[in-house]
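Take a look at the following structure, please.
Each chain carries a letter (A, B, C, D, E, F, G and H) given by its place in the written order, and its residues are counted from 1.
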């Protein structure tokens, strides 16, 4: 809890505007909604500037639906990641204008739109097999009201395809680079741009790629500066951070 | 090579202002300085907005000195990382006002100062043993003309020390978080701020920390959003990226 | 075999109350029941204070049923872990009042109840996906006659949810903390309580969580003291140990 | 920060006994002592029942001495772990009655003694090479006012040595088991006692022991119940937790 | 090719009893049978004393059947490991008296019986889940004409079950010990017998057992002498080696 | 982009034969074909001497078909790897004379044939289970117009089978060696031939082979010289490189 | 404790020849000698047929000397492994006829000689860098009264050196094979002999040999049968087991 | 032993030109020279076209000198790798014109020169820290009579330095690419050349480069074709293989 809020409540208590018990409730209530099986973090938007996102994988259908139902009563956009067509059918029963992207595996529900920043985000991918992760990043950045431009299939096996797009890519404020296998693309990008590069290793590959480990290690040890890394296949995390930087 | 430069040279060639051979040299010469043992990347500042930095570790003394000597003739600030007092004595022979920080293991030579951004960078560290990495981040961000505020020893074992500083930390534009062992601090920070968090795992720890692996994996799988990760002990990389974001 | 029992048998032999052969049988018979495929450890309760528990995973149905059948003739409570609804249907055929918890994946059969200790156990979980492991710990501690209080979904991404419950959590005699991904919650808990913390890493996560490895390493290298760790997803082990400590 | 303290301060503020600013200072000041390079966690004893301990490894001598000096002014016992004879000579200059155990690598300074619990702690080690870790656990439990009984060199290669001591070992309230190589001893102990077992893997071994990894994995996957594990070579952590359980 | 055979052929060539071409064929033909997809190693029995065994896993049904068919024409016993009931049905079509053990996953075809050695092999297993590996070792040793005695479910969680059988186990000439999880049983056995112990780690376990890695490392770093290790789940290899030692 | 092409375009621009815009298009157009979801690398044959190959695994059927359809319009042979019978049925609808090898999991479409080199490639495999990888190498080398000779099932368990073929194998210009499990065969081959050996580790094995890791590490640390290694199961990569060397 | 001994003591107790207390002492005293820091396992020779061996590495000099001094009073041969010339100088002060092998790093003290078996042990090594491990195996087998024949430097890089010795090697009763790097030699040996092969991986190598891991995994996954493996660099363990098998 | 040689000896035996014993000696003697501690592989040049090379690391000085002395009597060039200035001083005592390259850590002794091939080898390195490995490759290829051209410090952080040299690099017959950290350079090179690329990962880097593992995995999973990999830091292996390919 930050100092400003603490002081404010203390002031109200001092001035008798708030009883001790009310202060206690205040602290507790505006922070999360207690469901049976979860505590929805309402305070999050205040704290981090972003509403809570629903990580769909491994959640029971009825749990996920309850959360969507609760969040749908509030004026927040909703993003469900790592979800399925089956879940989407259920969600549509509650929120008919929910949108499903089967490749990105996301459900998005847009209820409000804020002013987009003038700058935009570039999402660059090495190969077509990286597309689910790429699109998860795109949908995430979009639901948080960013313009996103996508540059697919420009990996190092035919790096001229990247150089051809480089002039455009450099116009972005922040660049997400998605790559599997040896994960070399972020090093190339980081060496020729003057913008932050968010590298996303993917589990694309086989054998010595060990589920994305080769790409992950390659990106972490990149000899280019200005590159940071998120978890393997974490398109959401990259889109979220890119949005955060784009809005600074 | 980006399109703008290509077009420009093509235009000059077309207009006869540049012979083919001159065009070829042009491409070659403004890009790097060929030393016997290295190719100093002069083009880098143009390309990425930052001059080349000297990674001191594993470089022969005479090589490192040649590079410093060459770079010293140009109007760039110079940063040497992972260096030693012994190297510093040699560098002082060439550049008397070089500054050595023994804890950060950096040599800095300031020749120009640009206008600092109004915003600043916060560097937050979990423990006193993380100090070399913390200070490497600080010295890096400073040589690139950023204001840096440091919050040491606020790790999760006594997390109230962090909360006490949180109000201040939130004022930064971008936050570097340095931690070893279980590397939990970036998750805490990422959960309560609305700024990009750059997590730096350190090799501080023993046993199952496996040289920083535990902190690295912990940071990559952080359940907080807005967190990205650089290599183990890579204070320089974090400072560089923080500077890049602070100047957006 | 401990000294007390050895001495006692020796005494009986000396006094002629026991022949050599009877002594040999004594040693052998009260220790385990030989089935065709297994040796049920009857001596266990005497030795460790707890009856043998049936680890359901990977056991053939007929083997598991034989064991339940045999144990059901004795006045012990029975706990089957890592089991399924299908097995439950079979068990109900033998023991109609067996109880199945599908989320915890446990079958419990209560035949006796001992006096619960006055103190209780807190089980704290980071996220809703950790629930199967959390509930396995809960059901285990309950069948061993402990009061258990559960605090779900209070992980570090929204750590205020934890602090809100901290006052209550501190009232427990021993605290089980269940978390996946970076597994940071035990460090937080361990830093603010004066009770033993049993950390349970879960395999919740993806990519660099490597099946629970990130949480496991994080908990082992926790900078908080008073924290010890059990195997990944080992809710049973944590509940068992918590019961043992709660009853000291 | 726990609720009780929060309420108390709120009450004082309400009653005008405390100004807002004083309340803020209160929160801040009783929690830690700010040194140049560290924040000493004074609040810790209140929070966890134990004073802060100094982890000596990797700390600069002058830093370590400053911390000892500061802590020496307060009425707390002091424990320095992973330290050296050289540091001890320096500490003796400040605190003449400091005691050094070269095998345990600890410095202890006893200033107060509280009533020991009637129960005691057993520390059991597999081999003589485990002695530094064993003794670190012993010195830790002792400085926190526990009776400790040690059983050395009773590992599984000659397991009759263990069984011979088993009668005695079972009298302890909690048992620390220290072992390297395959780390099998905690499984044996856990299978025959009815007390919590804290397993400490050590880095003793070579080849496939991979710095203690074999013992660590063996202890985590122990088929005995009631066993939990701390970090490789973490004698301090085991002694601390054992003390915590012994005093419940 | 060993010297004796070489000399013999050279002698026949010298004496004109063998032409050069015949000598070449000799070398080639008695060594293997060339099928389309495989080269059956007929020379093996001469070379190593054992006929080739068929590793069933991953072999196409028609390939496996061809091999069985070819081998069935020779007077060798046949062992197929890692096979299935489906394959067995096919094999029975060719060799009606083939015998299938569904738990061991073996097919055996006995055509000749040699004199068994007077000594026997003990196969000791830690738990009932280790049974498939245990039985693979048993069936292997039996087809090679050894007497095998089995001691199931005597693992370290209730080690008295092992001690009860120890007197019998020590009568064997060589002891196979099968265990998963922490794999501690071979250390216990190796410490109390004067016979070679062949340790077989199994993939039984979960979490930090990492597919048998914990048991494997534990057995390799065993502090007991006289213990050697085969691959994870390699019951066949243990049975084969035990037979070899039993027949010395 | 290489210098020759750059100079050529510059010359045309200088001589007015090419406008700036035409030059720009030139650079862009002959390099790749932009599909919706991919950028087909037409420039590749010019650049590396080989047309782009389609890695079938993980590609959506409609994407794969579009690529085949586009490439079929050009006079290139086509190779699809890691594909299935189901995909083949679809491809046959477009290209009736496409050929499927179910063991190699390849589709090949031959449209042109160039002169084969006089020398040939040997592909040597350790066991019959390595056949899918072996055949992928064979089909790859064949579609690039090489003569390939295959030597199956000559692994180290019966190494005389290899020596028998050695005279023939040595006649090849380059040798591909495919092996799983301990991957020892390339060491044997490398020690007795004077030709480059391309080692392909396979994922054949179980337990400590860890998905091909044992074979991979074995081949990388081979004490024979002249051996280099490709990714686990990468028959395509070995066939491609062998073709490249065979055609030097 | 085995049944025979138990019965015998029971008999003596029954017959009044032994008081309860004497029986207790009997159990305790003939089993180990309690030193301050260790429990010397006197019972071991009775139990396993071999006296305890001193693992020198990591033992304090005075501890090691005390153990040697104690053991020297009994009529056992003594073997110290992993020791140094410095320790040897100290040991010579107590036992003048102790023998040091600097390459094997062993001290041996021969006090009794038993009849050697007629069969012998072959120790085969891949390279000269494996010599310390090779000789540790040799010295171990010799002190236990075995004839040992050594075949050095016959690794797979020039495998004809091995085949040349094969005729001799096959005459041994049991074969120890020592190899680093890819560790392929045991597979070759195991494929052509009919004797048990004990494989010893060594840490010889660099890079991807990862301290002996490549050789270890290679040997564990060997496709030859009759091969078992001991820990990396464990020459002692191999020599011990070879002796055990040679004496069966 | 290959067939040709076998036949030839058989013929001589048949024709009575060779006695059986002489034939046996023939087989044995021309194959290796037996020293006390090693078997020098004279047959190697015949077999693989290359004389044996001395791997200096871990060899005792007197052993290494004996080998050099023996080899110096024959008309072979000599290459010692991984050696030191100290060894060089000793070698100079025997062979005064031996040449030492302190950066490459090689000693070379040239006694004969064969005709170099017309084609040459390119050795390309990513950074100046890779120089020891780079030069080891260069010295190896040179002693085997190849022309080598070196391109240093052209790594992906400033990839324009590489493109500038690409025109030249493509003229080589085979290309060795040396890189540490993320090891991305071979992917870039492999994507733009039509020659075999031999990738050498180096241990240059820190943290998540794990001693060269990141570069190794990156190169193995390279999405460029025509790339194969040798062991970490294995400059010798790359130079040897490049020579082999260059001379095809």
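In this text, a contact is a pair of C-beta atoms (placed from the backbone, for glycine too) under 8 Å apart; a residue touches a chain by one contact, two chains touch by 3 or more.
Keep in mind the model is a prediction, meaning the values are calculated, not measured.
Set against the C-alpha centre of subunit A, every other chain centre is closer than that of G. Annotation: E-F is the more contact-rich of the chain pairs E-F and C-G, by number of C-beta pairs in contact. The mean-CA centres of subunit G and subunit H are about 38 angstrom from one another, to the nearest whole unit. With centres set at the average Cα position, the gap from subunit A to subunit H is 49 Å. Separating the CA-averaged centres of subunit B and subunit G is a span of 53 Å.
Multi-chain contact residues of subunit E (touching two or more other chains): 1, 3, 157-158, 163, 190-192, 207-210, 216, 220-221, 225, 231-232.
Chain pairs that touch one another, listed by label: A-B, A-C, A-D, A-F, A-H, B-C, B-D, B-F, B-H, C-D, C-E, C-G, D-E, D-G, E-F, E-G, E-H, F-G, F-H, G-H. Within the complex, the subunit G residues that touch subunit F are 126-127, 155-159, 181-184, 187-188, 190-192, 205, 207-210, 213-215, 217-225. The part of subunit A that touches subunit C in the complex is made up of residues 1, 27-28, 31-32, 37-39, 41, 43-44, 52, 57-59, 63, 201, 203, 211-212, 216, 231-234.
By the touch rule above, subunit E contacts subunit H in their complex via residues 3, 7, 10-11, 13-14, 16, 20, 23-24.
Per the touch definition, subunit D reaches subunit C in the complex via residues 1-4, 47-50, 53, 163, 166-167, 170, 173-174, 190-196, 198, 216, 220-221, 225-232, 236-238, 240-241, 244-245, 248. Remark: subunit G residues 128-129, 131, 152-154, 157-158, 160-161, 163-164, 204, 206-209 touch subunit H in the complex.
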